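Please go over the structures that come below.
Common to both upcoming complexes is subunit A, partnered first by subunit B, then by subunit C.
So, the complex of A and B:
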């Protein structure tokens, strides 16, 4: 986990600790969801745990609005608007930026983060990267640990960006947190939605999985959601610093989202069975 | 001395040394350890290695090789720092240039000091982000054909490149090694000899902490028939939602296969199909033609 603290869902933090791999020190953590599950709760907890550990967070939203995360934050007792005012949480609001480009009706600035929507560019996501780089620049300069969260990166595919360009963008974002010691200054969390029917989205998520030390994968139940079980959480951990470890450690759980907690239990041991 | 194909390839004792080596893995199994093992073997044999990295930094890569004090030199080309020049292109290798140009400082005439080198591409799919597949394959061809190059090792994921790219890579590779997610680890190897002979093997092995490939032996028939990954995942998910077993153990499967059903016994006895009917005392025999109403 990018940063494990008491603000994290305790059950998830404990499961991650059990895998023996953490997400700190420039590591990449991948969180995947499906059409029937949502990783919003986990994203909020990444933010909460970072903020508690005095790690500032930079969040790039591409699918949900900033207000969506503020509402979830309020439920778990985290006032994200306050954190943003204090500068602990910085937000690059993708949806708002896209809306700005569309409103400009083709007259957008060349350096705009989403100017690729108006005109073809060799590297469509370079401007967005520059924006993120500028956002985290003060933290990098002062050498403090921070976290970058990229939400729903496959949304960029729907804006016409090629998979290869998204992979390059993520690669550069990973460089921002200093993926190799001694230059490590943070950690990167990438959130993606799995869609088996979309070949590009699949290749993208596979590519990210090859790079990630931790992969938290949320799946719905094949029989549909039930009152006591909301889905399956699979934690895949592979220590990329130990090349002799070829096969990742995989833990499977069933989960139930509660008001302020994510309850994990071994498959087949939910309350409606026991 | 290694007698198995995998042992020969990873100890670099196969003669002649295959000019191109494709190593692939998937998200379920990581082949980096095998790659380092092969590079270490070359370094131990006093062969210089030109290593193009696209994910790990130079320090990271060197930390896995430098401790052994090997006679061969490791020269790292860092394509992870700034692959497209977004940060000014200082201090790193740009991945949008043709492959032979990346190594041009060592592979131009007189640059290799009459010593052959091994070129490592770690990982192929990341270079694909910066240039077209056709250009990359062409660059790879040029590299393999260079006299100064003893072997080109390409490392990539089978599930991260498009099928036609993987086919093209497998087509030009003298050795194709697909690492499979199994216990113990297994590899499917295809070796194309210069004579035209093709050797296909499926071998299991263990990778030590020192990244040595050991205990190589051919995979027994029983363990080769691994179920497809998708089925395994579906079974796992399904099994986790039920309180009873949906699968069979090996013993149960063997017992099930041995079970002979009654009709099979009769068929095997060669008696043929016969119907025996013993009329009842009170059977109501009808003398009328049963098909009378059909007007045949």
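So, the complex of A and C:
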């Protein structure tokens, strides 16, 4: 629990604390966003909390660049470039890898993490998994706790990967952090984009919801963006290892993103109304 | 938390790198370099301009009249700033689009009588302090254009322009088995590599690439008409957008993509395209619709829907003070404005609207003007 607390997004940390479930110890945390809301703030929050607890982080970016997170980190007082140099944060920059998969002549490297874009493969995400595994290998060897963050796994759906393969990929990544208690060495955070109209994306996120102990869901307002309220945050917590908890604990908040903070408040108590 | 971001206050003084790219200015919010779209009012909606490395997705109006104008403005702005241009289109010949760019003017076309800023309002006093929205550029960011004149051909020919019309498309591979999408990506990649615009290249950047892709996903792009959507085989298009996003993000380039969203029957496709774009706007033209004759919209030519504004390099996206926007095509220029209802001057409430509604209903019911207004049966 202590690892979640950090001084940056104290509101989010206390909301998660209030749920009674932490996302550590081999648990899977799911963060869902929509096409009009962004989970960048929550991702930075997870990175910061891990780094605070001296846990290294491996970030797989598929929607935003590494530079995007560095710039946000700078604003909230976290120098991610330094952290990367020190080896506490390792990055598999998916966007950079995707942009390099095609060369000007149209050739493609077989061992490239995204080589499935150029040629059909039986296990399209195997190379990407190998890349991740290699990245976290030193941490696994030394037995220290670490966190893997998979940013926007729906991007893989967009690249034509089947849902089944993505789910397998996530299970493999979960195994990397050790999902069963004796071999637990870290935790996994999966960021997904949901959309009511997209059946495949919905099924993927529903399946992940079933596995997740903690689900942070960001939604835009149905009436459109507002100056004081940017959207809704729903935190669903269910500790499957706890014998006394039968139903998930659900907390609803409205949120407003600020330059250096994510402000949470109870629905109907925004500055517009009060 | 100790140690995180803790840097010494004593730092070696290093001369800051000044990136001088013509037509670009840094954003005051996130220090991102911004480029003009050629339409000042659209720049305003996007938070000052189009950030380098971003994609603007424009959902076309039904007949692709106004969306093509936005594309031409965007390209004209590139020509004026001597940016590198790459235009891809299958529906319309890219040569034809480039030949008909609007001409730049020094003066603001159709300048209207401006109300003096310090003039006190006596009736609508609550609007006294409302921020005015720029419809023309006064601060040397972007240019003014005149739609009635075409840009000088010599000026266009001087620009570094790559036109892609799909003639030399090679066979696609893997997920991108569509020849057109594959070839276009290759062309873009080649352009970025040869111009050293990639962020991984350490050379100082002195120019940017402006990509304009017209009517992506129209039936001409599909390798078999209609098959893409019926069998959910539109992965070509979503994969194309994802790879395009990756290329744009990792290079000094911006992209304007127009799509004929009204022909996409599967809403999942549209939502995936929205996810991959940074800014999404939709044009809803009044042409041929009931709104064309509605007195509320008599001054405007269509609704301008702002669907998505992404936060790039920051947590807060550009926030607009209203959600109702319209566009208007004047004789010489295209502008986006706030939707204002016309003043109600009549004594009876909504008289004008009621009349027009009755006329419309009368036309539909009787199919002619000469029939009696009140039918006996």
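The rule is short, and it goes like this: the second predicted complex is superposed on the first by the 260 of 274 C-alpha atoms of A that agree within 3 Å, B and C clash if a C-alpha of one lies under 4 Å from a C-alpha of the other, contacts with A are read in each partner's own complex, and residues count from 1 in each chain.
In the analysis below, contacts are C-beta pairs under 8 Å (C-beta built on N, C-alpha and C of every residue); 3 or more make two chains touch, one makes a residue touch a chain.
This is a predicted model, so every value here is computed, not measured.
Peer 1: According to the stated criteria, A:267 is in contact with first (subunit B), second (subunit C), both, or neither; which is it?
Peer 2: It touches subunit B, and subunit C stays clear.
Peer 1: Once the structures are superposed on A, label A:171 by its partner contacts, choosing first (subunit B), second (subunit C), both or neither.
Peer 2: first
Peer 1: More subunit A residues touched by subunit B or by subunit C?
Peer 2: Ranking subunit B and subunit C by residues of subunit A touched puts C first.
Peer 1: Contacts for A:111 in the overlay, against subunit B (first) and subunit C (second): which applies, first, second, both or neither?
Peer 2: neither
Peer 1: Could you look at A:119 and tell me whether it touches subunit B, subunit C, both or neither (first, second, both, neither)?
Peer 2: second
Peer 1: Touching A:134, do we find subunit B (first), subunit C (second), both, or neither?
Peer 2: Once the two structures are laid over each other on A, A:134 reaches no partner at all.
Peer 1: Counting only touches as set out at the top, which of subunit B and subunit C does A:102 meet: first, second, both, neither?
Peer 2: After superposition on chain A, A:102 lies in contact with subunit C alone.
Peer 1: Across the complex, what residues on subunit A touch subunit C?
Peer 2: Subunit A residues touching subunit C: 6-7, 35-36, 38, 40-41, 48, 51-52, 63, 65, 67-68, 71-75, 77-79, 82-83, 94-96, 98-99, 101-106, 108, 116-120, 154-155, 157-160, 193, 195, 197-201, 224-225, 227, 257-260, 262.
Peer 1: Report the residues of subunit A in contact with subunit B in the complex, numbered from low to high.
Peer 2: 123, 126, 129-130, 164-165, 167-168, 171-172, 175, 179-181, 183, 203, 206-207, 209-211, 219, 221-223, 232, 238, 240, 243-248, 252, 254, 267-268, 273
Peer 1: If we count contacts the way the header does, which residues on subunit B are in touch with subunit A in the complex?
Peer 2: Interface residues on subunit B, with respect to subunit A: 26-36, 55-57, 59-60, 64, 80-84, 86-87, 123, 125-126, 128-130, 157, 159-162, 179, 181, 183, 185, 207-209, 211, 234, 236-243.
Peer 1: Could you please specify the touching residues of subunit C with respect to subunit A in the complex?
Peer 2: Going by the criterion above, the answer is residues 1, 4-5, 7, 30, 53, 170, 173-176, 182, 185-186, 189-190, 193-194, 198-200, 235-236, 238-239, 241-243, 245-247, 249-251, 267-268, 270-272, 274-276, 307-317, 319-321, 323.
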